[in-house]
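Below is a structure I'd like to ask you about.
Each chain gets a letter, A, B, C, D, E and F, in the order it is written, and its residues are counted from 1.
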Amino acid sequence: MSEVEERMDDIPPLKFLSAANKDALKEFIELKSAIMAEGALSSREKLLIALACTVAVKCESCIEIHTKEALKNGITMEEILEAASVAGLVCGGSGFSFASIVLEVSK
Amino acid sequence: MSEVEERMDDIPPLKFLSAANKDALKEFIELKSAIMAEGALSSREKLLIALACTVAVKCESCIEIHTKEALKNGITMEEILEAASVAGLVCGGSGFSFASIVLEVSK
Amino acid sequence: MSEVEERMDDIPPLKFLSAANKDALKEFIELKSAIMAEGALSSREKLLIALACTVAVKCESCIEIHTKEALKNGITMEEILEAASVAGLVCGGSGFSFASIVLEVSK
Amino acid sequence: MSEVEERMDDIPPLKFLSAANKDALKEFIELKSAIMAEGALSSREKLLIALACTVAVKCESCIEIHTKEALKNGITMEEILEAASVAGLVCGGSGFSFASIVLEVSK
Amino acid sequence: MSEVEERMDDIPPLKFLSAANKDALKEFIELKSAIMAEGALSSREKLLIALACTVAVKCESCIEIHTKEALKNGITMEEILEAASVAGLVCGGSGFSFASIVLEVSK
Amino acid sequence: MSEVEERMDDIPPLKFLSAANKDALKEFIELKSAIMAEGALSSREKLLIALACTVAVKCESCIEIHTKEALKNGITMEEILEAASVAGLVCGGSGFSFASIVLEVSK
C-alpha cells in the first residue's frame, strides 16, 4: 500500500477518498488489489483493459493516470495505442477523441 | 467478411448499418478488422478489451454479443469474468451490475 | 398541450413527472415547446436531432418514443436511419447497437 | 453482511462479484458499508442520493434495486419521486425517462 | 429570479440558454424551481442529491457550480464529501476521480 | 481526403488514429464520408445532428471541432444554438452546461 499512498496526491480518486473517508480509501485500494491481481489474466493485460475502460467512460484524468501507470509497468506505447483503439471502436468518434489523450501523456 | 455477414441479423450494429447504409456497413466492418487485427496485442487480448469496454459503456446487447464472440473464440468464462471485473472497478456499482450480464450469456 | 397529455402514459418522462410533480411536468412541457418550436431550424429538423441524441445517450425507451413521434410527423424511415447513423458515427459500435432500436419500432 | 448475502442472487453487482471474485465481493461490500454508514449525512439521505445516482447513470437494474432498498428502509414513494426528479433535472428528458422506472417498482 | 440572473454568466447552462433561447431559459429556471422546492425532501437534501448527480454524469463545470452553491447554502464540506462518495460508489474509480473536483472548489 | 489530413493535428480522433493505426484512420475517414454524405438528409443537416450528438456524449473537444466545422460550412450560430438546445433538452442541466461550449468557439 505504501507506494500507492506516496503518489496519492497525484491520483484523483485516492486523493478524494483520503479527504472524504479513510475507511473507504482502504477498502477501495483493497478492492483494486483484489481485481487487478494476477489471475486468469495477467496484471499487464488487466492494466491495458483498465486503460481502455477509462477511455470508454470519458474520464480525462483517469486516462492520464492509467497511461502513466501502464508505461511505468513496462507496457509499450504501441500496446497502449492498440488498447485505446479498441475502446475507440466501441465508442466512435468521441471515443477516438478521448483516446487522443494518451498521446499527450507520452510526450 | 462472409461469417460476419451470415450472423448479421443477430448483431445489432451490423443489422442497423445493413438497413441504413451499405457503404457505411462495409467501412465499419473494415474499421473493425483494422483495429481488432493481431498486432502488439493479440486478437484474444483485443476481444477481452472490447468486452470490458461494452460493460463500461453500459450497452446490454453489446455485452451479450461480445461475451458470445469471446466464448466462441476459445476465451474462458474465467477470463471473461476477470475482464468484466476490471470494467466494474472503473465503473463502480453500476459497472458491476452491467457486468452481471455476462453471467446470463454463459447459461 | 392536450395531445401530449392524452398519450402521457406511453411516454415515460411525462408519466414520471405526472406522478412526481405536476408543476415540474407543466414546466418541462413548456421547456420542450420552447426548444422544439420552429425557428432557424424547422420542427422536422429538430425532431431528427432529438432522435439522434436519444441514440447518443443510450436511452432505449427514448429512442422508441422519438422514432414513433418522427414517423407520426411524416418523417420517413430513410431520414430516421440517416439521423441515427450520424449518432452512431459519434458513438461507435455501441452507438450503432442502440441505433438498431429504431428498426424495431418500424415493424 | 448476512442479509445482503441472502439476497445476493437478486442483486446483480453482488451476484456478479460472487461468481467472478470472492475477495473483490468482500471488499466491495466493505467499501459500500464504509460509504453508506451514518455520518454527517444519515443513512436515509445516502440511500436517496444513491438512488438518484442510479437514475443519473442510466442503469435500469440499479434503479430497481435501490428503489426496493429505499422502500424497505421506510423511505416513502413521495421522497423517492423527489430524489429521482432531481436526477432528472440534471439529466433532462432521458433522465426523466429512466426516473420512470421507480414507478414500476412501486406496483 | 434576480439572484440567479445576476450570476448567470458564471453558470454555463444559464449562460447558454440566455444566448440560445430566452423562453427556454425562463422555463428551465421554473422547472428547476419546481423540482428543487422544499417538499418531502428539504432544499438542503435536494442540493446534495443534485451535487451527487453531477458527479455521476461526469460534468466538471456542473460539479464546480453545485459545490459552490451547496457551500453558499450552509452545507458543510463534510456533507459534500459524503454525498460525492455515494456517487463514487455507484460510479467506481472514474466516479471517485470526478468526485475529487469538489476538493478543488473548496480551496 | 487532403483537406481533412491537413487539419489532422487539430482534430483529436484523426490525430489519434494517425498515430495508432493508419489503416484504421483510412477506414474511419471513409466511414465518416459514407455516413455524412448528402442523402435523404442534407450534409448541413447531418453536421447539425453530429454537433448535437457531441453535446449529448459530453465530449468537449468534439463540441469545439464540430462547432468550428459547422461555422466553416456556412451554418449560422443561431442554427448551432438551436441544435445544441435540442441536445440540452434530451440531457438536462448537464447537457445545457456542455452546450455552453459552443459559445466559447464563436468568440
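The rule we apply is simple: contacts are C-beta pairs under 8 Å (C-beta built on N, C-alpha and C of every residue); 3 or more make two chains touch, one makes a residue touch a chain.
Since the structure is predicted, the reported quantities are computational estimates derived from the model, not experimental observations.
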item	value
Contacts common to chain A and chain F (chain labels)	B, C, D, E
Most widely separated chain from chain F, with each centre as the mean of CA atoms	D
Rounded Å distance between chain D and chain F, as computed from the means of their C-alpha atoms	35
For chain B paired with chain C, centre-to-centre distance based on mean C-alpha positions, whole Å	27
Cα-centroid distance, chain A relative to chain D, in whole angstrom	26
Set of chain D residues in contact with two or more other chains	21, 24, 28, 31-32, 35, 54, 57-58, 62, 82, 85, 88-91, 93-95
Contact graph of the chains (line, ring, star, complete, other)	complete
Chain C residues touching chain F - in the complex, by the definition given at the top	31-32, 35-36, 39-41, 45-46, 48-50, 52-57, 62, 76, 78-79, 82-83, 85-91
Complex contact set, residues of chain B against chain E	88-95
For the chain A and chain F complex, residues of the former touching the latter	58, 81-82, 84-85, 88, 93-100, 102-103
Footprint of chain D on chain C - complex, ascending	12-17, 19-21, 24, 28, 32, 54, 57-59, 61-62
Complex interface listing, chain D residues touching chain A	21, 23-24, 26-28, 30-31, 34-35
